[in-house]
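The structure that follows is given in the form of structure tokens.
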């Protein structure tokens, strides 16, 4: 009451008070513990219970972890080593199996000398994603690319790549970094070309195959450009697509054969049944998500269309796919697809699985994109209309860029889901990391009877990858939330 | 025809198990090894003159016959039991039997069980996807006793469950039981019961209707069997080919007559097949025989001359 | 101006098919329809040709043949003499039971974890975060296997319950004895609990193919009756509150109404329990719940629960702080605020993701094969397919059934959702 | 907020030509069964500056949106710049590229910079070379006095600036007619002034303008005709002085008393 | 927006009693280590109508929120209606049921009808019979002039109507003190008037009111004291006339020049 005499008396402060530190009880660790752990009887009980749970878990599993064996040639040796170390009846982890077979968990049967190819392809995947993920932030993009470059070199050396390929990778990454620095807009080409480059690196074969396919897209674009003024987007695209199909189905092989005979450049061809482990999971996951994007966008547009038939077909497709388990889709790939395709068509199981998984993913992507489209205010459509942009132009310049950006978190979580679900391909005999590779490892007489270690190893890797991605998507979600009002 | 396809492709595609110890499993380098695998390799050598020109496609219980029927694989050498309905209704041809198996039971010694008929009320692990579950149901029905089935997807899972005591008995083909028992930490505490409750003739399968290809597979396999009977081994095949005077050996190894041409192959086909990993007996011994840790006895799979069922029709 | 106005409106030009909004959509739809039909025709044609080439046909007759295999968990009568379709039905029931209980437990778990994650207790919050993140980021298949293995590796084996000759000689009891006064046995094969039955049966009535025990009917009737009575009690309490403002204390009346009648009926009917006893190898009698089921249930609940927890958390977080502040400012206590203000609003946000989690859970039951749980996929799509080689028929049938289940779930939940939708301007 | 426009504006030089820019006759529109616009008849000469006002829900926005076919009308005729609006897409595209529209909520494209917002339509609809489009855009951005913001994103601008960008964006298509749908009602008082000034400048250049607004100061200063709507009908129209000082209809009187009283 | 309150209000009959309604002494509050409120001393008599103003971030909202313990203070005393605010839950509940609060963003419960919004707290906190609660609610809804909206949902009302419902909702608890935290700043000009009218009516009935607002017209018309805060401190307080015409502190002068100039 020093300064203020009565409520009616006017009061004017003549000297402002300085900022003070809060009282001691409101600061520091004591406050934190009191507020966060023991703020009430209920909280105290919860705290104690939680600590108890943590303790019990540690108590039961710690010895097993502590008795780990890293060096052995068979399970029997492991067991002997544990007994020797910790006495009769002790149990311990036998990580030796991972030490011997880690490459199969990672790459399946991919030839050991060629591991640089999937590793490089994986690194390039990040390069391809850079413009999408960090398109508007040059600094972050450079950091990401630099990290990728360093990690790539380390990984290459780690898998025992020869010097020539390491230096090749270094040069390639340096070039990409330079491009990213000097002409960031050009980096989008890395994204567009990645499917072909990735395919070429993973499967190898003549370099003209992927180039031929790319030329097909060139044909598509050329025809589209040519016809656009005359026939409009839909017809232009359709005819362009037709032309491209003609190219792919009838002309390409001849041209590429000739070119290959003239310039037989290429990498050693790898069959897709050599793929396995996380390489397989990534191949299926990334391909399916990437391929399902265009399909998903079309389905989402179809679902929002006011044309009854198109809407019905889209809804029917989406709901059908979302209504059946992925595992039945996989069985369809392995058992039924052959029935639906023309007689004599016979392509390998991984490709079939990818096709079906793509269809599966496209339904989920469609829903994600639909959400993105719905999040756009109507005003955006109207403004585009009012400016005279037609449907496709509005989609391309106004709607899709925004809707897709909003959808990125959803797409990332679809990818996480799909990536985890790739483990189900084990049920159709493919070498997924979780069951497939584990099964063959355990079929080896040396390791028959081993159980936990492969699962823990694979589970940990899955966790790291998925957790990283989900954190990233959360970060994105937060970021997008602030800049969209 | 499949033979032409294979030749044109330059590669034999062989359906195998996703991993069955001793019969087909990839090693640390991703190279398939095992008893079934050796048959495929011999076939590749016979047809393509190169035992390494074979691609193994792992198939599961559900996908194997479809893979074969749809032409994804040229043949299936994947411990598949030859049954009436598979041979007829599924439109497959079992061309030979490379392993005579039978379904048996393994139990822990301390259960004090000495016969499968004493298993009334037991929990039994069955590996699904084969004829096993049908045989088991029939056996218990016949003996008027009951059991609780635990249907397990694969061999290693079954082994784990059995070891953990999640089931009292484990039933699968006797060969599998032996392999499993061999790798148990306390093998001496487990017994395989005497009853073999079914006939499980396992053999290579081809599509119905392509008889020439069936012949190639069948006779390549019998060449291996005959080779054992005739004393031809991987080591001595070249030598015998030049020195032998036995007309059957000569016909088999192509030094006399032209048996190869009859099935669309060249003269030396059998010689090459045998040279890969030896005759039937050698393959058996190397992969699952008593000297390996799986330690199967020849039993029914001995040559007919030794009291077994391995009996190659005459090469004539 | 007049010239423009005089353009005949009804004249039809071909270009209008593309440029006139009215015809354009029809044109597009017709084209799409044609393409769609062509596509379908192509697929059907291929299928017919392929079937012919492989000398196969599509026929579902095999479903009525003898299945010949046994199933561990059968909730509808089944023996190996039953038909394949019966086996499929057993599988379907197993799927549905698993999905039903899975959804319930996942919801409970998810709501708890989601709410606790917002707790101001640091450790609890962190533990829940760990739970959610671990389960969301590791494949479900691994969790199923893991839970199963933990159950079968850590629990006592059936052998531990056995009174062996050696033990008798030493005068020792078995290593492990049954819990709850010798009525419940938890082994590494499963959980054995007493099966209730009524000593004084009231007889049965027969309805066509099904026979229903009158006892069961009576018990059901009493349970439903108590439920209704309890509802009336609560409604009455609400009325009293409306009239006087004070809510009468009714929890003990509620308990009495809910439990007394059923207990009385059970006593009257002579409820007894068939207690599992140890046989030669295992427990016989009582109800035995195999670990395959438990493991699936636990893994599915934990896994889906993690996703639901996220949905719940974000649902609650989406309710602005202003809502709880307004409630506090009105003098409502935190518990009331949660119940009356936050939850009803959060529910609307939570339900749509909840629907898709239920759907996912239902579809994920198809992973039962990993732990020998014979659901629809294990019977119809597994052993039956395997034994008969009818992959086309089995897969189509299976997809159809899953699709129907999914559609039913989502339409039910959508109904619920639209019932609680917010009214906006 | 009548104070916002305080300087007297010289409207004498704003010529109204005889040419008809918009001709609406007997136009009716329904939403489902709800009759939003009833028998609208209206002719706009080139160079006219028309303010439309009326109570909320009276159909002002709907009317304006019908003129560039953001909404479809069900009966009657709308002829814009000699082109009748039917379901023919070509006509619609033609009209839309002649008519600029400014929305209450700006509706800028948040993923494009200001410059890109302005050049998008000229480049893709008018097929103007990019360079040229950018020059035009800068010209109009200068005109609305925010050339320095050209490379920012809409999210980085204030509301008033955003609305001015929206105007510039429309102008870049060099429309012959501009429609404004409550262009200032989403703005703070300070910002309203910026935008009104811009619109006044436009009016001074002889642009044909239809503007839905309740800024009566603006109406008095700039408009050469005020149209009052209620329940989907045009109740009264007159020149501003007459309209404000001497409203004929009771409905108008009531409305004006509310608006001006506040 | 000074025009919003144009009729002169007769404040002579608004009696201020001698009874103390709120007594704050030496109150300090920190957010983490940030000192938001510094040595606040303030006494509010029953029936007083106090307007609190000050620049953004000066702690006005925080002060008001401390009074019904939406925020905890760390030092000093707050006594409301004879009850001291400590961490004692009972006291907090007691105070909260005596003190009504109206938020800037209304914070109506969107899942309940207007009537339910108003009866919720009386029924569950005051244990009023439902019927009675509804009657009281209708009475206050009539008072804020929206009885006809009683069965609508908040989402179906305009902003001004929503804020009036928020006021009615608080009144239904028959509070002895009302706190307003910028109750009009989320509203359009037309709606502001509705809400201010309602508040004036309340003031006329002798309610004790603390109101954070920048509506200086309202302050001049209704308040019997204006408190100016800056940097978490009360810089100046005085009766409105003196405060506006003759501010003592430089800080106040600066602030007033900004506010009134606009």
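Note that the chains are named A, B, C, D and E in the order they appear, and that numbering of residues resets to 1 at the start of each chain.
Convention: a residue touches a chain if its C-beta (ideal position, glycine included) is under 8 Å from a C-beta of that chain, and two chains touch if they have at least 3 such contacts.
Which chain is which protein? Per UniProt: A = Amino acid ABC transporter permease; C = ABC transporter permease subunit; D, E = Amino acid ABC transporter ATP-binding protein.
Just so it is clear, the model here is predicted, and its values are computed rather than measured.
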| query | Which is the least count of steps on a path of touching chains running from chain B to chain E? | reply | 2
| task | Using mean Cα positions, find the chain sitting nearest the overall protein centre. | result | A
| Chain whose Cα centroid lies at the greatest distance from that of chain E | B
| Between the pairs A-E and C-E, the one where more C-beta pairs touch | C-E
| note | Between chain C and chain E, the Cα-mean centres are separated in Å by 51
| task | Provide the C-alpha centroid distance between chain C and chain D, rounded to the nearest whole angstrom. | result | 57
| remark: Between the Cα centroids of chain B and chain C the separation in whole angstrom comes to 43
| query | How many angstrom between the C-alpha centroids of chain D and chain A? | reply | 47
| field | Of all residues in chain A, the ones touching two or more other chains | value | 331, 335, 338, 427, 451
| chain E, residues touching no fewer than two other chains | none
| request: Please list all residues of chain B that touch 2 or more other chains. | output: 62, 66, 160
| List of chain E residues in touch with chain A within their complex | 25, 28, 30, 32-35, 38-39, 41-45, 48, 74-75, 225, 230-231, 233-239, 242, 248-249
| task | Within their complex, state which residues of chain A touch chain C. | result | 32, 35-37, 39, 43, 46-47, 50-51, 53-54, 232, 234, 306-310, 313, 319-320, 322-328, 331-332, 335-336, 338-343, 416, 420-421, 423-424, 426-427, 434-435, 451-452, 455, 458-459, 462-463, 466-467, 470
| field | chain C residues touching chain E - in the complex, by the definition given at the top | value | 241-247, 320, 322-323, 325-333, 336, 340-341, 344-345, 348, 422-425
| query | For the complex, which residues does chain A have touching chain D? | reply | 377, 379-380, 382-383, 385-390, 393, 397-398, 401-402, 405, 483-485
| said: Under the stated contact criterion, what part of chain B meets chain A in this complex? | reply: 17-22, 24-30, 55, 57-60, 62-63, 66-67, 70-72, 154-156, 159-160, 163, 179-180, 182-185, 292-294
